[in-house]
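Some structures are shown below for you to check.
Each of the two complexes below includes subunit A, the first together with subunit B, the second together with subunit C.
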Partner chain A sequence: MSRRVPVGVSVSLAVLAAVAVAAAFAPWLVPGATAQDLMTGISGPGPGHPLGTDDLGRDVLQLLVAGARTAVPGALAVAAGSMLIGNLIGLAAGYFGGWVDTLAMRWADLMFSLPALLVAIVVAGVLGGGYGPAIGVLVVLFAPTDTRVVRGAVLEQRHRPYIEAALLKNLSSWRIMTRHIWPNIASVALASAFLNFAYALVSLSSLSFLGLGVPAGSPDWGRTLADNRTQLLANPWAVVAPGLAIIATAAALNIVGDWLHERVDRRGRTR
Partner chain B sequence: MGWAGFLLRRFAGTAAVVLLLSVGVFLLLYLAPGSIQQTLLGTRPATAETIAAIQARHHLNDPVALQYLRWFGDVLRGDLGTSIRTGMPVSDMLGQRLPLTLALVGYGTLLAALAGIPLGVLGALRRGRVTDRLVVTAGVVGLSAPPFAVGLLLLVVFALWLGWFPVYGTGQGAGDQLWHLTLPAAALALGAVGLLIRFGRAALVREMEQDYVVFARARGLSGPLVLGYAMRNSLVPILTAAGLVVTGMLAGTVLVEVTFALPGLGSLLVDSVTFKDVPVVQALALLLTVLISGVNLLVDIGYSIIDPRVRLGRSVS
Partner chain C sequence: MLRVDDLTVRQPATGRTLLSGVSFEVAPGESVAIVGESGSGKSLTVRALLGLLPGGLESHGQVVIDGQRVDDDPRARRRQRGGTVSLLMQDPFTLLNPLRKAGRQIADGLPSGADPKAEVPRLLAEVGLPAEVAERYPFQLSGGMRQRVGLAAALAAAPRVLVADEPTTALDATTQREVLALIRRVQRERDMTFLLITHDLRLAFSMCDRIMVMYAGRVMEVGRAAELREEQHHPYTRALLAAEPPADRRLAVIPSVPGSVPAHDAVADRCGFADRCAHAVAACRVGVPELRSIGAAGVPEARPLDGGRLSACVRAEELPVAPAPPLGVAATPRGAAEPILDIRDLRKTYPGASRPALAGVSLSVAPGEIVAVVGESGSGKTTLARCVTGLERPDSGTVLLDGGDCSDYTRMTRQAVRRARRTAQMIFQDPYSTLNPARTVGATLKEALAADGRPPDVGALLDLVGLDPALAALRPANLSGGERQRVAIARAVAGEPRLLVCDEPVSALDVSVQAQVLTLLAGLRERLSMGMLFITHDLAVVRQLADRLYVLRAGECLESGPVQRVLDAPDHPYTRKLLDSVPDGSSAWPGQSSE
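For the complex of A and B:
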């Protein structure tokens, strides 16, 4: 295995680092990002506003930085929530086998056949609660990805001597699963959660674009796109900039996620 | 297991899934905040008569299970209810908007196949070189970029700056309509191109390493002929990708239709969801359920046509 990190991955890591910095320090970097200036209104790039302003007179560049802070926490919540549920079910399915396994896998098949975004649109839209229900729906629909990956990894561990030893010591199944098996498969579980984070970020920004996510006026990339798409002629950058931010972040997350997956996969095989 | 038994089992499985999901679709009515009468009334005044009419129409005094059965029976007879927002029969609204969505998805699929399959083959044949890496990267970007962001960028570049395509609208006449649908279809196709590159390239790379390919080459068979053999054997993963392409397009068309302000089923779904027009949302959700289950069934049957071992109960290699 070569130790060199591919060019695409290093570029992606740089993009993600920039997004992470923006997300962590947005309130200090751009304290006035959401300050409206209705007198100015929408305008193209000019002095003081390198990317122009949007229809509420907000600086597009500052909105872009503030948007990272809106994008990351929701996606993190989805990734963490589905990781918890998916890992518990995956551990149980792989460890106990039999009908537990069958039931878990049928459930995963069913969830897989549903397009997550459409279900989120319908359920979150009808419930009408905005961000909260959308996150709940995505947690349930993304969990099966983790379940499948974790179950596969557990099956590989199930008949190893250390589990036999733990069984002979009369340890509880719960303890064996969480304290003995999970640490051995944690890297696989984390790589899977990372890819879920990428999907969650894109899905949540899609929902915000459709007006079913963050409230109007929030500095969200999808929302900014939606709010400014009727003003293309006045300032196309108010649409181009958040669009590029979403595409770059999503692509970077997927490239790094695939790379992580491949690495832990290979390590598992050689060990 | 013979063909009849195989088909019967698959049909039964699909029917079970559709029934299960139809219960969920029915219960959407109970999910909406506020009372069911309120939801069904919408903006109409809540008088004794209107409430009585709604209770009679939806049998709200019956047990929930009976309500579901009546609703499902109506659906089977083609009665999808009345829209709260427009007062029109839901089936008429779907009928009006279905052609545009079908055209968009069809056009998008065509573009995706025309771009994705050759690029996947190119990547596999130039494996490990610069061309291959470019193709793979383009595939990941296509796969991860949301269609609404892509659509708006296409709009800015090709409609606003270059002026090659119209900015909004659906156009008059067949040729003009096709021209108006090109940018939306391209935005919709990009994700599918990414899928086809990922699955197609991986499958073909695997096949090109097989002994029969080496042997065919050693016997002096021409390159295109060998490629033909390898491609036929990589059809199973491509079929998996095709199933994902269709479900991805159904989700993508919602975003694309809203982005380009096209009056299709996707924008109808968003409008209805925003207005809490539950009968229309239910009808669309049910339609999507049937479409997606149907596609999954076709893919399953397709596997067994391409690879008879599937039908015999062995797993796909």
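For the complex of A and C:
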């Protein structure tokens, strides 16, 4: 078993680290990101503006850094929220079986049959837009993915002798579920959460792109992309850069999630 | 016919060597058994021989099959596999493709030009199956029939060498005997060269002309079956033979060897068995002892590989004469007190099953008494154990644990359930899934002690089951199978239960480790005066450990009574058949194959 981290994973970790730093420290790193400079207007890359400016004269690179602060925490909240809900329901469904399982699975089917983005658009539209409701809707719509994955993994563990031994020790169901089963399925739960993270990032950016996420003028990858798409020829970087940021972050999340899954899965399983 | 010279198997990625210095020859028509415990390298040896090593392993050394050197010629090897050489695998349940009819799978092996319509029924008849089996899918066949189909497929190409890797380990004892008898008959009729891999020395004595004993990736001893059975020139062979307890008499103590099989690299500079050997001297730990010929005068023979006695023990000649087999002792009768477990007319039919798993079974266990339940797969013995501990709910009948009705755990009060759980605990068969892989041994045992209302003294508990308290910091992945089973026993006896339900606790362990665990269980019974319901298929284990015995078949109890009475003079023909299925090491066993 090799301890070396593959190159693809190293690059992905570096991307995520950069995005995390940008998200955490954007106000200090780029305090004037949203300052407009209408005299400059839109321009291509040049001195002082490595990625050029948008039509309001804002530096695209600074917007990108500031945009991480809106794009990432929302997606993280969706991933964490749906992981929590999905894992609890999935554990209960797999462990208790019977009507608990039926109820949970039919709920998951129902959620799967709804087009997530469309529901988010409708809810955001009815509630007058805004980031908060969009996140709430995505948590509810993403949780079934975790529920299904976790339930399947629990079913595999449920009748192992070590679970039966815990039953015979008269341990509570809660303790068996959280302390005995969950650590053994943590790898799939984590992998699923990372997948949701990537999906949520793309979905929230799409909402912002459609004007239903962050308010106009806020720095956000999806928003920047939308605002500048008419100026594609004047400064292509104002469109390409936020798009690349979304793609790179989502791809990095997938790769790191997959790698973590394998690492956690390997722990405790080598004979 | 077959020659292997200085075979080494290595894993280049980790630099580990898994076996080295293995050399042997098999003459045409001869049968040779490679015997060893898990980790001995017996399976790797034949896989290297056939060029079927798992990915990441590579072998060095000369392999000659049918006069042709094949180790450096993959094409020759491919031509020979399934032609000159055929392999019979271990697990009959995964051996056949579930989506193809048996007949087509047999026909796959036929040489080109042969007519499947004529050949398949002929092959099926040879392995004692009717021709219509060709039209059936594997799921319609029993384990024994599948293994016969596997044999027919292996024979299809008329091989000159048949290699069988633990062909009957997954089968019931009575089926094992039939299949082995069949293999031997076919091997003799076809005059095939036969290479058998097994962990069972007595089975090897009965099946083969010569035996090669392996340990930790090296050959320990080689000899003719009859001679090796009479006298062993290597302490390991003796230990292996002694650890397999006899079914015909009870021993005062089950001889066991401390420790477990080391990795090949861990003993690269000495005799692999030295650390567990009672006869070891300083010379055993200086260099790897050479496999040498043990002649009458100690003169090396010209061709030591074929037929001579070989031993890798530096003290082979000066080993004391093997002690005579110990005499049997009578079991001390016990029980008479109020039973700790009383089962009356227990019935259980699984949903969708065609016949009941339990069809009215009654039994009782007295405090401190070991009661064995013997049966083959499908006899209902495991269902019985699970009903006692409440892991299954019986359809009808009563289970009285220490006088309290525990027939239906869902209708009991919390206090009653807790009392029942502290009265009866269980240990399971598979040492690899019996412990939570994510938790350390210490966490598992601390939790068990807390659940049973005991002080959290993990060290004392590990000590009770003969383990080093330092093991508490480890996870199950770092333990051997025997160590895991000991931890599982510690977990079960943490609260000193009055009844321990054991579901085949040693059947997945190597023989030398099996003896250790049986000794531990016998000792714990004395120290904690704990009753045991011991589920097993192994009559030898029953003879050594149990006081009373129930024989189960298809959910019904056929015979019961004191172990000595039932095993010495069985009333029921089925019990007799089970007894006959235990390998006794004689050349008469397994007898004629019945058609």
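Basically, the second predicted complex is superposed on the first by the 239 of 271 C-alpha atoms of A that agree within 3 Å, B and C clash if a C-alpha of one lies under 4 Å from a C-alpha of the other, contacts with A are read in each partner's own complex, and residues count from 1 in each chain.
What we mean here is this: contacts are C-beta pairs under 8 Å (C-beta built on N, C-alpha and C of every residue); 3 or more make two chains touch, one makes a residue touch a chain.
Keep in mind that what you see is a predicted model, and the values were worked out from it rather than measured.
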Partner chain in contact with A:L117 - subunit B first, subunit C second, else both or neither: first
Partner chain in contact with A:Y162 - subunit B first, subunit C second, else both or neither: second
Partner chain in contact with A:G97 - subunit B first, subunit C second, else both or neither: neither
Partner chain(s) touched by A:G130 [first = subunit B, second = subunit C, both, neither]: neither
Contacts of A:L171 with subunit B and subunit C, given as first, second, both or neither: second
Partner touching more residues of subunit A, whether subunit B or subunit C: B
Subunit B versus subunit C as contact partner of A:L210, first or second or both or neither: first
First, second, both or neither for A:L244, with subunit B first and subunit C second: first
Intersection of subunit A interface sets (partners subunit B, subunit C): none
In the complex with subunit C, residue positions of subunit A that touch it: 2, 160-162, 164-171, 179-180, 183-184, 186, 267-271
Sites on subunit C touched by subunit A in the complex: 13, 389-391, 417-418, 421-422, 424-426, 428-430, 432-439, 447-448, 451-452, 475-477, 488, 491-492
Subunit B partner contacts - residues on subunit A that touch it in the complex: 8, 110, 113-118, 121-123, 125-128, 198, 202, 205-206, 209-212, 222, 225, 229, 232-233, 236, 239-240, 242-244, 246-247, 250-251, 253-255, 258
Contact footprint of subunit A on subunit B as seen in their complex: 17, 20-21, 28, 31-33, 133, 137, 140-141, 143-146, 148-150, 152-153, 155-156, 160-161, 167, 247-248, 250-251, 254-255, 258-259, 269-270, 273-274, 276, 278, 281, 284-285, 288, 292-293, 296
